[in-house]
Amino acid sequence: MQGLMQTDWGLFGDDHLRLMLCILLLPLMAFAVQIFFGAKLPRRGDWLPTVAMGGAFVLALSLFMTAVQHPDPTLFLHSARPPADEDGLAWNWLWSKGTPGKGNFVFAILFDNLTAVMLLVVTLVSFLVHVFSMGYMKGDPRYPRFFAYLGLFSFSMLGLVLTSNFLFLLIFWELVGLSSYLLIGFWFEKPSAANACKKAFLTTRVGDTGMLIGMMMIWWNFRTFDFVEIFEKAGQAVIANGGVPPGWMTIAAILVFMGPIGKSAQFPLHVWLPDAMEGPTPVSALIHAATMVAAGVYLVGRMFPFFMFAPDAMLVVALVGAFTALFAATIGITQFDIKKVLAYSTISQLGFMVAALGCGALGAGLMHLMTHAWFKACLFLGSGSVIHGMHHEQDMRKMGGLRRRMPITYLTMLASTLAIAGVPLFSGFYSKDAIVAATLHPAPGYESLALPHAGGLLWSLPRLLIPLAALMTAFYMFRLVIMTFHGTPRSGEAERAHESPSNMTVPLLVLGLLAVLGGSPWLFNGDFLGKHIWFNGLVHNPVFDAASGIVSFPEQVGHEGHGWAPLIISLVVAGSGILLAFLFYQWKVFRPEKVAAAIAPIYKAVYNKYWIDEFYLRFIVRPLVFHWNVFCAAFDKYVVDGVVNGVGRTARRLADGQGWFDKNIVDGLVNLAAFLTQVFGAIARIFQTGYLQHYITLLAGGATAVLVIFYWFL
Amino acid sequence: MISALPPAAAIFLAQGTGGESRSLFRDLFGAGSGWGSFASAVLGFAVVFAVASALPVLFTWAERRVSGRMQQRRGPNRVGPFGLVQAVADGVKLMFKEDIIPANAERFLFALAPGLVLAGMIAAFALIPFSERAIVVDAPLGVYLLAALLSLQVLGVVMAGWASNNKWSLLGAMREAAQMVSYEIPMGICLLIGVLSFSTLSLREMSLAQADGWLNVGNWLIFRNPLFAFPAFVVLYVALLANTKRAPFDLPEAESELVSGFHTEYSGIRFSFFFLEEYASMFLVSALAVCMFLGGWNIPFLPGSVVTGSVGAEILAALVLIVKSFALVFVMIWLRWTLPRIRIDQVMNLCYKYLTPIAFVCLIGTCWWELR
Amino acid sequence: MSPVPLHWYLAVAFLLFVLGLLVVLSRRNLIYILMGVELILNASSLVFVAFGSYRGAKGLLDGTVIGTFIVVLAAAEATIALAIVLNIFGTFHSVRPEDPNLLKE
Amino acid sequence: MSAEILAFLVLATATVAGGVVTLWSRYVVHSAFGLMLSLLGVAGFYVLLGSDFLAVTQVVVYVGGVVVLYLFGVMLTPPDREERSIRRIAVAGIFAVAALVVLLKAVFGMEGRWYGVDPDRGPASGGAVIREVGNAFMDKEAYLLPFEIASVLLLVALVGAVFIARREGGRGS
């Protein structure tokens, strides 16, 4: 076992790997039991995946604490791959070469601080969603199956986070897609849900195709899927190319980024996420706020050392992220469905993260991933609670005044809204502040490479878009809160609304608390303001040594702060957004309808989500389907039919020959066999009379004959 | 004369199985194989035949007198003192009556059947130890042989029933066969209890082993092993009752249903054979039960030496055995005039559902008792 | 006083065997056939005991034991066979061995 | 002529006569009684050979049990007065006589191969003592296993007979 975990982490060893394997296998076990025996278990088995996820969370927390508390964590544990003698907790799947290790498809666990953060987020949110679902899904006819799917999703997501191999990451990536498909379409009786799950699956598949091609390019050049090996090889390739990254790496990085575009719902593949709100609300909280959509961000973070070799690709990442952030935020302002608002908010926030990554701020992006997981999961669960309390009414125009009827939901949602708006001392403030700071000083490539700062003015676009998006975020989130909870009830349901049961409010309270404190550096080092980008101490940016070609992850020293500019920008945008929301919706100083009428064409465009869905339908889906049909018909007629007819003719000729053979030779043999059987049967039938006494006579005669031979002839 | 052949053969058979046994008649003629044993067999046959013929005469009188008492009338009291000779007179009458063989009967089997029935009976008498030495054949297989001879009677009865060519006869015979074959099971198990307790098959050795207990009764089987042997004795007595076709188990010859059962067509001397057999078997089975369970020839409260040694003592022992057996026979007569006849299904139920399980429990209990 | 030679017993046993065989072969009634089987079994048992007895005490013991087993076997055989015969009679209303022929042809 | 030889002759006559009756009679009942006679004769032979126990067992089981069973079987089936088929007996007789000849030849041609059997010595004196027979049955070295197997066989036969006999809808249905 030695060699497997020879790290400077003295306490990190075999047992930790076992813990990680347990984290991975607990939900799988829960899924396997639940899908087959769930309906027969007491309470229809809901406790089984919940307890499994709770156990996984406890294990993940202990691992996280180990990672956080260690004074000098090394980010990537290079030796987390299986050793040469394939001893240990690695599973060799495919061996392309005789020598182990290099270029083989090995399932091994890669654990670093990035993984630790993701494990904590996934297990905690998943556990809380399990608990919440006990209340929300109560009475559903497929109640056990829902928990089974949740288990499957958790397993896939954890596998995605834990694997050390790009190929296995793809497998888990698709498994996540599959379980997401199952969960979005959980109420498949509704045509909208059935269509939504198909749409989600197919749209993300567009991105996955690009990612697959990118993977292939990496494989073609490096002959490995192991992340650590990819980074090593990349460094060597740069050295071999004379200190300049080869051009294909930029293309490969952009292609790989297509996966996150699909999975993390970035423009232009964002269209599936709002529709995916057809799934049960806990699913939205788990998949579309905290985990699956974050998988794209995680992938970029995982491949970050690779992306850093391609500043042009980083520019694409940053632009896509920033544009998505603003674009989705504008749509979010106009929506009335509470879950749709949250869906566009999610797209927007994911854009924040992607933009941060594109600007070279790994820590900021992942920190926002974590804080967003807390407050967005809280918001989704809160909206689920509201919908539950409103008897499945989702239109905000029919709500209002729920503050008194659902105080816990209101409080937690308010905390989360303050967090997402970026109000100081709330968790979102720290991460959004870091992102704003990152856009102000983008560092998209390795400094040691001394590449020309590509893009030029384009880099200033995120600086503009991100604060604007943040302002809109504050605005539409407070619009949501005010329309839902403040004022007077605008419908009978709103008057009769009731607070949700405790197994729904407790997860809300936990997540609300995390939304307040979950990003605060105080939680980790007792300091509120001292180290703004404290997360960089947890997730280190990679550094490339151009002389040796080694990518390393040194502990960064310069992360204490980034000046007052981002802080002022954050405060201004948050404050003005909140103020606008109150002016419009609480104090009714301005009438939203009038504003909408004043800018009617723009409003219409935004309200209809810029007609992107219609655009896709008109210019991609329908022509594709039409031309594909034409092509298929022609293909069918000439190629398929031709082949079939050719095969038919050939087969007929062969059959003629075979028929002759069959008739004369095979039949002849068969008839001969039958004839012989008949002959022998006729002989044997003489003795098979069916008369008992004939048999006895034969027996006696035979015995006598034996004795005669014995005594007279022997 | 055909009827007399089987009894003689049976005696010979019994004699032949004697082995190294002691018996009065063997002593007289010099033991060993050859003509000596043949002569002793002939003499034994004569003696046993005489005894086995005399006892039924007595029993028929006793039955009629007892039944008379029970029905508040007198019974035969004209011929001889207390009517004792009445039975003899009846016997003489039977002997001189016309011997009718039905026209469609199987003559040979019809004639053979009474002899066969009697044969087992007479041969069985040879195995009863009247005293320590007053025994015709002391076969080592004693009880086993006795059971075999008793089982032979079934065939005679079936033969008679079939040869008569009469439906009543046949039905009676089949009932008889079913009843006897069934009741052989509890009977055999109860006999096995005696065999187990004394580790011998010989009735004479059993009787000897029951001497000299507490008050000279402590070694009797029913007192020696009261927990299991006493129920076994009761079961055996009931089974023997059924085996001898006595009431309430007299279905085979139920007068009201079958006229007279398997011997409906018999008359004269052949009928007397059946008659003889029935009453002789009453004594025989009683003597068997006495020898096994009730101390044989031993007299209560007197030392065992009283009944051994001299010829007089042996005659006394024989009288004791006969008196004890009479007591059991009296109970049989008593039961006959007390209990109504039971149905055939009740007969079978009693045998298979009650007597056999009880007998098995007693057998296992005796095993425990003897090994304890 | 000369003892009976062993061959006499054997001759009787063989005769009995042949008679049993004849019964089995020639009779057309299942009950007859079973009786013939009994005769055959008895003949073989007699041969066992006779040979055993002419070997001495130990041989006689073995002969007796084997004879007992044959008796047991015959009893079991008779019970089962008669039950089957009665069943055949109940089904086919015949005790001829050739009548139960549902499987024929 | 000794008593033993006389007894043998009488028993042999009875045995063979019983067998012939079984073979030749026109009534099944006669055959059953012939069988009974034959079995009794064999029991007599056992006595002569010194095997009292087997003789008594023969009487109890065969005569008192099996023959009665056959009689029941006869009574429960219709009367079957089949004509004696000389042809069948003749055909069977060929085989039977051949078998007899071969058996006799086998025995009488067995010079020097008697394996400790003295055909002229006579039966074992003293006979088989019942106690020794019992010990042989219970002796691990002798016949304990066959004895236990036989007991199981009897149990199986008992259960089997009951099962077969209680078949639903038997005769007449």
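As written, the chains take the letters A, B, C and D, and residue 1 is the first residue of each chain.
We take it that a contact is a pair of C-beta atoms (placed from the backbone, for glycine too) under 8 Å apart; a residue touches a chain by one contact, two chains touch by 3 or more.
Note that the structure is predicted; figures quoted are calculated from it, not measured.
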Minimal step count in the chain contact network, chain A to chain B: 2
Leading chain pair when contacts are tallied as C-beta pairs: C-D
Whole-Å gap separating chain B and chain C, where each centre is the average of the chain's CA atoms: 32
Distance between the centres, which are taken as Cα means, of chain D and chain C, whole angstrom: 5
Interchain centroid distance [CA atoms averaged], chain A/chain D, Å: 88
Centre-of-Cα separation between chain C and chain A, whole angstrom: 85
Junction residues of chain D, two or more chains touched: 2, 4, 48, 53, 65, 72, 91-92, 95-96, 99, 103, 126-127
Multi-chain contact sites of chain C, meaning residues that touch two or more partners: 1, 21, 25-26, 28
Overlap residues in chain A, where contacts from two or more other chains coincide: 693, 697, 700
Which pairs of chains touch, using the document's own definition: A-C, A-D, B-D, C-D
Chain A residues touching chain C - in the complex, by the definition given at the top: 690-693, 696-697, 700
Partner chain A, residues of chain C touching it in the complex: 21, 24-26, 28, 33, 97-98, 101, 104
Interface residues, chain C side, partner chain D - complex: 1-12, 14-23, 25-29, 31-32, 34-36, 38-39, 42, 45-46, 49-57, 59-65, 67-69, 71-80, 82-87, 89-91, 93, 95
Chain D-touching residues of chain B, taken from the complex the two chains share: 12-13, 16-17, 19-20, 33-35, 37-38, 106, 109, 139-141, 144-145, 147-149, 151-152, 154-155, 158-159, 162, 170, 174, 177-178, 181, 184, 201
Chain D-facing residues of chain A, complex: 693, 697, 700-701, 703-704, 707-708, 711
